[in-house]
């Protein structure tokens, strides 16, 4: 079927390729006209037959909001907009309401898979109403991995981004569990060959996973991870997951700790630890660093 | 090759089966003589040609210690004892020293894979000296999964159990990351179908793993996990991992939090929270539960 | 000076008493007319000379919002409304804007001290503009403890409630630190007399504090805290503090953990730990509780 | 009464002064003979009438162990050795046993108060047998603060150091709770004057404490804590407290997090966060720092 796809970066570009390989007709649009199939959103709309399906894959926040607003100007009643970016789940219901006024339908889709999705397929979590989910099934089928997994209609508007948000919260926790174990192995005088131990877990063990495969891959490339700084950004979903845990009164020690560790990784010096150092100096005359 | 195998429970019994399927001759011993191939340790020793290899797969602590001591009485210089149980890594070097006096060699092996190992193979992490590791390779090859993964010679005496300990610490963290995400999904009004979301992650997503497959399997059997109490024992390795993090000055927020959550799951009431309730009552006249 | 005081519960009632003892004229209003000095808000306004100062001390959220809206109807340009309840700091600036339209000034005050404030004085953290803070100084002076401490003009609208929120977040952490130490003492075979140890810390030690005094007091009344359940509500500020930590990228392991522990204290069973139990059963055949 | 006091550093020196001010006769010994009252341990023993009481106040570990062994050579049956250093509680019972062979009694005393103890008195937590505790009461009375608090006979050998260990674990948690709140205040655009807010809490508030007084004092000296690096050592007790929590199955999220934060404060780069960065790069092509 036909799909308009806005945003042809790392994720969107790969998705276009995977969809075309599956036989779909994709009209892509990107600010970078070199990779774009249409010179403008209206040209994109003109290249698609109604009812159109247009998927946005641009940075969350203002850019997504603006893109969808502009898109709504060039689409018609009966068309469907799908936001596959990392929008906050609370944006979806109001957005769906705004679009509904114009008769435009809306789906929110959480997309996981990173740069590997082009080959492995993307896990898709969808929020919205059943008829539109049904209508877009061929696109979802092409994007998701072969087999029975990798797709869920999670609930109404917001459910797709919500499921993706929790997915990313879990991802933070998983990565940090491996990371702590890795650091212990490296610190210990008992272990001669840390990468070999990581590798041994890739099959047969309880901790085998795709992330572990990737850690092994990284260690193959750089056995001491010397080329990297211990620094990690966060892209919003981890924060929102902790906020949701707080809102819903769910104890989320692991996910919160993983998020806080990223915050710490970005601090040159810690105001909190300055306060601790100040206190130790005050009561105990303990030596401090200046 | 020939192997003596002591302890034919859930793990040992399956291992005997997998080894025999690979063509090895296994003489098993268990206190339960119905499943045992020898009536005693000395009969077991008598059935093996020197240099013997005998693998213990019994509960860690005193039972393992006693078993190895008794075994040392019936073995000879040049034989090899392998402990595949969940012994603490600090037991291994002294044990190896004691056995060395009699000329008996020692390997410690961390074994992961649970009840699935009989089919999938077991991940093996080995500690000890290279000649004995080499001698026992056929056994390891039969137990480990097919392919390049699932085996590491991690270091000298203790390294095998150490690697397994860290593996289990990571396992605690991974399980708890999924568990927290699961609880948020269940608590949220945004998600209609929690098991479907979990299932969608099994392929294509960044969080795909064997543990996730098992969570999905559990939810297939019992979609609300109604049949289970939120209660989890710990088997030692999680505690030792946190102790090691403390010894080595490794921040291990995630693994420690996962361990503490298990402790909490076993408390009927929390003395700490009684103290919090007492304080709130004292300063604020806040209502308390009695 | 004159003060209107709305809400004469545990906090407001005590504050009226402390203010009167300091020679101020307080006109109190409460829904419970038995304790009220005025039959209505308009009667209260009528009993005060302009420019009036009226302090609200009612539950945060809708009740505070409604009370201030009604109050604005009966006050005049030049009057000052002070909200001393536990409002969320984000409510203050919009509220100040709304009142400004009518020429009414606004201060937000975080009040700490609990049921002891009547005797010890209340710590006051004030947000708003300097002229109004100056105007109300006599009231603040009467409410705060004698001496140089117990009062801060923390910033503009919202700063008072913000400072109180962080105060409560810290309070959660402090209480939980004592609570964990208490639980360890109680669990240990080394300590015969836990209350005696707590008591020994009240003077001379680094951990001496008012909360510790209260813990000792609670143990005097009930040495095993047998009469209490390990259950604690949270009143909003702890959650907002964690949300702020997340917004500002501040690692807040301790405050978050204290909040999560309260969440846990209110769960009959833990969905997360059910998931952990399910996983252990799936991979290891570990026994579960049903 | 007479007391031998070994170790005249920051703590021991002050204690000698406080004891002398209370009218006791203190014979001090230190490696630094300039501050020492005796040239050797045997000279010290010679200056005391039997039954002697000798208090060691030297760094924990080997130095304490050696000092006590040497002391035992120059003392007699019936004498009492008190260790007031930060020894691990597990050292005490074996030490008491060794000394008992020579008829020498032993008390372990946890001492809190830091550099302020000379003025405020020291909180003392004592482990050992009642007759010796009784015999040494005059010394304890002089060292402890005036009033009813600041002293506990916590249990038998080890209880004193155990109580002090938990005290320090709590201290870590308290300090970190304040530190996190401080960092949030500093990070927030709502608060103009962080030191003023801290100061406001010193009286009337629920979070008032001696540590808070010290934080205020530090901010008076250096309002931005510019002169300090966010770096904190740990002296053993925090680690032992977490190990005890693990041994006793006590959830200790707050104390463990405070300890881990100190570990982090001492890392130039985090191996764990390198692993996280590596994983993010692998699956998402996320930018990394090199």
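Miscellaneous remarks
Think of it as A, B, C and D in the order they're written, each chain with its own count starting at 1.
Note that a contact is a pair of C-beta atoms (placed from the backbone, for glycine too) under 8 Å apart; a residue touches a chain by one contact, two chains touch by 3 or more.
Which protein is which chain? UniProt says A, B, C, D = Phosphogluconate dehydrogenase (NAD(+)-dependent, decarboxylating).
As the structure is a prediction and not an experimental result, all values here were calculated from the model.
Chains that count as touching both subunit B and subunit C, per the definition above, are A, D. Seen from the Cα centre of subunit B, the chain whose own Cα centre is farthest off is C. Measuring from the averaged C-alpha position of subunit B to that of subunit D gives a distance of 38 Å. Between subunit A and subunit B the centroid-to-centroid distance comes to 33 Å (mean Cα coordinates, whole Å). In terms of their C-alpha centroids, the spacing between subunit A and subunit D amounts to 47 Å.
Contact of a single residue of subunit A with at least two other chains is seen at positions 114, 176, 178, 180, 183, 187, 206, 210-211, 245, 249-253, 257, 260-261, 264, 270, 272, 283-284.
If you sketch which chains touch which, every chain touches every other chain without exception.
On the subunit D side of its complex with subunit A, the touching residues are 10, 114-116, 175-176, 178-180, 182-183, 186-187, 210-211, 214-215, 217-219, 222, 225, 227-233, 253, 257, 261-262, 264-265, 269-290. If you check the complex, the residues on subunit C that touch subunit A are 206, 239, 242-243, 245-247, 249-253, 256-257, 259-261, 263-264, 266-267, 270, 272, 283-284.
Listing the residues of subunit A that touch subunit B in their complex gives 89, 112-114, 117, 120-125, 127, 144-145, 147-156, 158-159, 162-163, 166-174, 176-178, 180-181, 183-185, 187-188, 190-193, 196-197, 199-212, 241, 244-245, 248-255, 257-258, 260-261.
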